[in-house]
Amino acid sequence: MKDMITIVVRLTVSCVLAATVMGLCFIFTSNAKKHNEHIKEQQVMYELLGYKDGAEIPGSLALHEVYRYVISSSEKQSIGYVVPQGHGEETGFIFVNIDLNGVLIETKPIALSESEVLEAETRNKAVLAAVGPGYEVSFADQTIVVTDNGKRIAYLLGGKFQGFKTFVSVMLAVDPAFTLIGMEILEHEEDPGLGAEIEQDYFKNQFKGKPFEALKTINVVKAPIPADYLKALNGKVSEGDILKFREQYKDHDIYALTGATISSRAVSNGVKGIVTKFSYRVNVLDKVLKEQQLAVSF
Amino acid sequence: MSKQQASDDLTTAKAGLWKVSISPHLKSSESVEKIMWTVVACLVPSLILSVFVFGIQTLIITAVSVISCVVVEAVSQKTLGRKVTIKDGSAVLTGLLLAFVIPPGVSPLLPILAAVFAIYIGKHLLGGIGYNFFNPALLGRAFLLASFPVAMTSAWLTPIEGFDIFSHLGRSIDAVSTATPLAVLKEQGMVAFTNAFGSGASLYTNFFLGWRPGCIGETSGFLLVLGGLYLIYRGYITWHIPVSLLGTIAVLTWIFGGESYFTGDPLLALLSGGALLGAFYMATDYVTSPTTKTSKIIFGIGIGGLTVLIRLKGGYPEGICYAILLMNPLSTVLDSWFKPKRFAPPAGGTK
Amino acid sequence: MKTLAKIKFIVLAVLLFLAAPLFSQAEGLIADQSFKADNEILVTFTGPVDKAVAEDIGNYTVYEEPDPDIRLVVSSATLNEEGKRLSLIFTEPLNTATTHVISIKGLAGIEKTTFTVSKSYLGYLFGILISALLINNFVFTKYLGLCVFFGTSKKKDTAKGMGVVFTLVMVVSALMSWFFYNFILIPYDLNFLQIVVFIGLVSLTVQAVDTVLRKVNPILFNSFGVYLVLVIANCVIIAVPLILANNNYNIFETFMLALGAGGGFLLALYLMSSVSERMQLANIPPSFKGLPISFIVAGQFAMAFLGFSGLQLF
Amino acid sequence: MANDKSSMQLISRGILSENPIFKLALSMCPAVGISTTVMNGFMLGVAVLFVQVFSSITISLFKNLIHPRIRIPTYTLTIATWVTVIDLVLAAYMPEAYAKMGIFVKLIVAFAIITMRLEMFACKESVKDSFWDGLGMGLGFMVGMMAIGFVRELLGSGAILGYDVLGFKPLLFFILPSAGFFVVGLMMAFFNWIEIYYKRSRGLK
């Protein structure tokens, strides 16, 4: 009996000790983790916009995050956007609820600060409060509108699609006319030496500079990449020549990776899907914002 | 089909298992050497044909492969302090089979690496001839496929016109490469297949005679079947594995291979990949296949099923290589499950 | 083996349970619906429907479930002679991985008929099982549980028993972990405790199996010797809860993953043990004796298992 | 375990004569799994080193308070605690390296080597010796992982520590899953061979 008590007491004490150590560690690291993740994300974004490591980012550049939600009740569904409000001084966000045909249902202000909105949970609660009872909200995706001196210069779109093995997750940069200006493969589990080549420059750079019209019907061709084009894709020629090649091949289909046609096709279809869906949505949102004369930051 | 029957018997005897003379058709007067060289001889016509189908470089690849296998065998036997047995033809056979399962457009350096892997790691480390669990030639191929996925899946050549056997020499692979029938069927569907290879009787004759893209030695169905039948006639191999294997492939392809059930083309399935080569020469290897009749049939069915599974649903257009590799280690298990009744120890006494 | 029969029974029960919704879905106007070619959806009705209504592409609203605002464009709708089978052709290839929602206006006098098309959920569950069992076999492609793998794969009997016990422990501990993860760790934001909680649950399960086995099957218990203790400190078992937490699996998916992982481990052990028995007789170079050669053989197995890579059954 | 071991002896024992990967053959899962580059091996090595040293110290400190009946649960709890700590720290400060190691950092909790050292050494010896022993074992693990990583990275991607040294990729095979088994097996055999050769040359056997 005495044994039992000592065992229980000691186990409890050690559990409490362990919990303290872990809890303290969690408290100290959780903020750093979020911070570092955010920095990493920003770095990818700036790289997509053409600011490589160390390049100075102009102060006039601003990133505005737009969150999209799918709102559903038992009868109908609608799309809700959380957009940043106003210009500079006015902080806070507006919640814009648009039905499936692109007609505005309602707008509501959301009182969240810049940092609060980054927290998924806080944001979800705020959106839920905005739509009122009887509705379910689910976070769909996040888009970043990039402005330079208040003028839109690009959108950054995240997305995920089925690859050959598992999901491929990407981030794309498109300009206001939806021409693709950059692509980064964030995560994938394709086969090394085959599908994994999608993260190589010579594949990714083929997408650069494709206009929206070409993207809408983009496909892959099974043919070797012409040698001079390959050089340009790998960045082995001068800046001017790269642009020349980009212009020459801008309406051309994507050259599939040798031995990995399925992965190549998955990426080109995925990119096509992300951009076409986004172009539709941003047009709807812009129209509504314009009609309602809502002051948004971008 | 590459190892000594003698040492196989030794294995079973040592293992304290029953010593079964399960191959009544294998005459005791036949030496291992003779069997091996006969099999090699049966494969040579296919090799000669491949020179006329794909060009002279198939001969170069095969020569490199055979020589490196023999050298590796001799070196590993020397360094491990064993008797050098390169004259028995088993290394030559492994080299020949290894060359037969790689595309004709690859660099001749590839088989050297594969030979080291197949003979040294796949065979001699495990105790030498008679002790390997996997078919060495196929291990070599799997190794190449893992190391050079692009070359091994795209260096296919179109059959050459006329007798211009030097036409593919010195040309870059990108310029001449094509796709194998199974790859076209898998990735682009039946319509593209018909466009590329035609249809009807001429398709079957072309495929049967070997005029199609494919691995070096797998295309000439006619010569492979002829050689296989001769081996069966001589009693070096039995009919069980080839028949059950090919039968399973045909039936399963017929059921699942088409747009809807029961519309697949079984004949095409047998002719368009490495099924015939695998069935007669790879799956029947003495060391890595089971010994009793029932287990042989099940072994064949297993390979056939896995082949069709990989062909239709897997990541590769052709699956017989991996199917045989997957079934190889099961051969001992199958033997212990289906051992002849009279030799079985009393129930519960198995160890 | 009794446990084996029990497992079979459980699997069967779960499969039946899962299949139930599939049968109930067949009620009403729609008998069956499936993806056909790249850009085709096939719908079968329970009875003949009005040709004029069914073939008017203006009556259809089709979208992918996560994107209700993006309508997919139907390029043609064709009803067969009998009036029961409808083929919808779309202008773009469909993303068959997601669920598609189809609404038809005015069909059979009903204002709006809505139904969903998706790949069968059962198939997806089965896919998880096959994936853990063969494609991503825990031993040969994920390299988990190697200590026990090499330790217990010398004899077939030990290997079989060990594999079954592993599967059992894995399923039980994975289900408990799922429960804890979803109802305690997530709601109370205690996710950082997952390692401690999972390992605790695994130890608990092992203790339980130990006690039960000692009573039920002392022979098997004796033959395991020290390995049952090793189960606690084994990556395979603790990996399953971690994977399910990473992927947010639901309870069925968890069950399938655990079953597949355990089955895969059993398979690997059995295969390895069947060749080890043969290997003991072979004349292996002295420096390779023991573990090194086991590693080489395991590597050869892993190469053979590469054949399953990219396998997509459903 | 003898008490009069010097710190150097304890460390060298962990690295050489009782190397956890090549000699004791424990905790081989990561040795095969993620040893595709030197960096991966190093990072996981650091994590294991941390957990091993801290767990050894903790157990050694409290060795008199641990009831023999609940020895194993206490070890598990200690290890799990330190694994959680290093897991959180790595996730926060080295997200990229952490992503590469995937699930293996969390799996340190199930490494037989750590439990074994606690059971065989730390629960009997002084804090100082336990520290050196933990350090030795951790370093041994790290060195082993890096050695395997070196071979695989060099042969598989023609690079060392991410720097392209060969200019081409010799054999993709080596960064594939199955190659881990071969590399570990061959390296073990190589060390065995050295040992046999050494013994023979000394006329010991």
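Order of writing sets the labels: A, B, C and D. Residues in every chain begin at 1.
The rule we apply is simple: contacts are C-beta pairs under 8 Å (C-beta built on N, C-alpha and C of every residue); 3 or more make two chains touch, one makes a residue touch a chain.
These numbers come from a predicted model, not from an experiment.
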### Query
More C-beta contacts across A-D or across C-D?
C-D
#### Entry: Central chain (by mean CA position)
C
### Query
Using mean CA coordinates as chain centres, what's the chain A-chain D distance in Å?
38
### Query
Once you find the CA centre of chain B and the CA centre of chain C, what distance in Å lies between them?
33
### Message
Can you compute the centre-to-centre distance for chain A and chain B, using the mean CA position of each chain? Integer Å is fine.
### Response
48
### Query
Which residues of chain D are in contact with two or more other chains?
73, 77, 80-81, 84, 88, 172, 176, 178-179, 182
### Task
For chain B, jot down the residues that touch at least 2 other chains.
121, 143, 146, 149, 315
### Query
Touching two or more other chains, which residues of chain C qualify?
192-193, 196, 285, 288, 293, 296, 300, 303, 305-306, 309-310
### Complex contact set, residues of chain C against chain B
157, 270-271, 274-275, 277-279, 281-285, 288, 293, 296-297, 300-301, 303-313
### Complex contacts: residues of chain D adjacent to chain B
171-173, 176, 178-179, 182
#### Entry: Contact footprint of chain A on chain B as seen in their complex
149-150, 153-154, 174-175, 187, 315
#### Entry: chain C-facing residues of chain A, complex
18-19, 22-23, 25-26, 70, 72, 77, 79, 98, 100, 102, 140, 161-162, 164-165, 191, 269, 273, 277, 280-281, 284
### Message
Which stretch or stretches of chain C touch chain D in the complex?
### Response
140-147, 150, 192-196, 199-200, 203, 229-230, 232-235, 237-239, 242-243, 246, 285-289, 291-296, 298-300, 302-303, 305-306
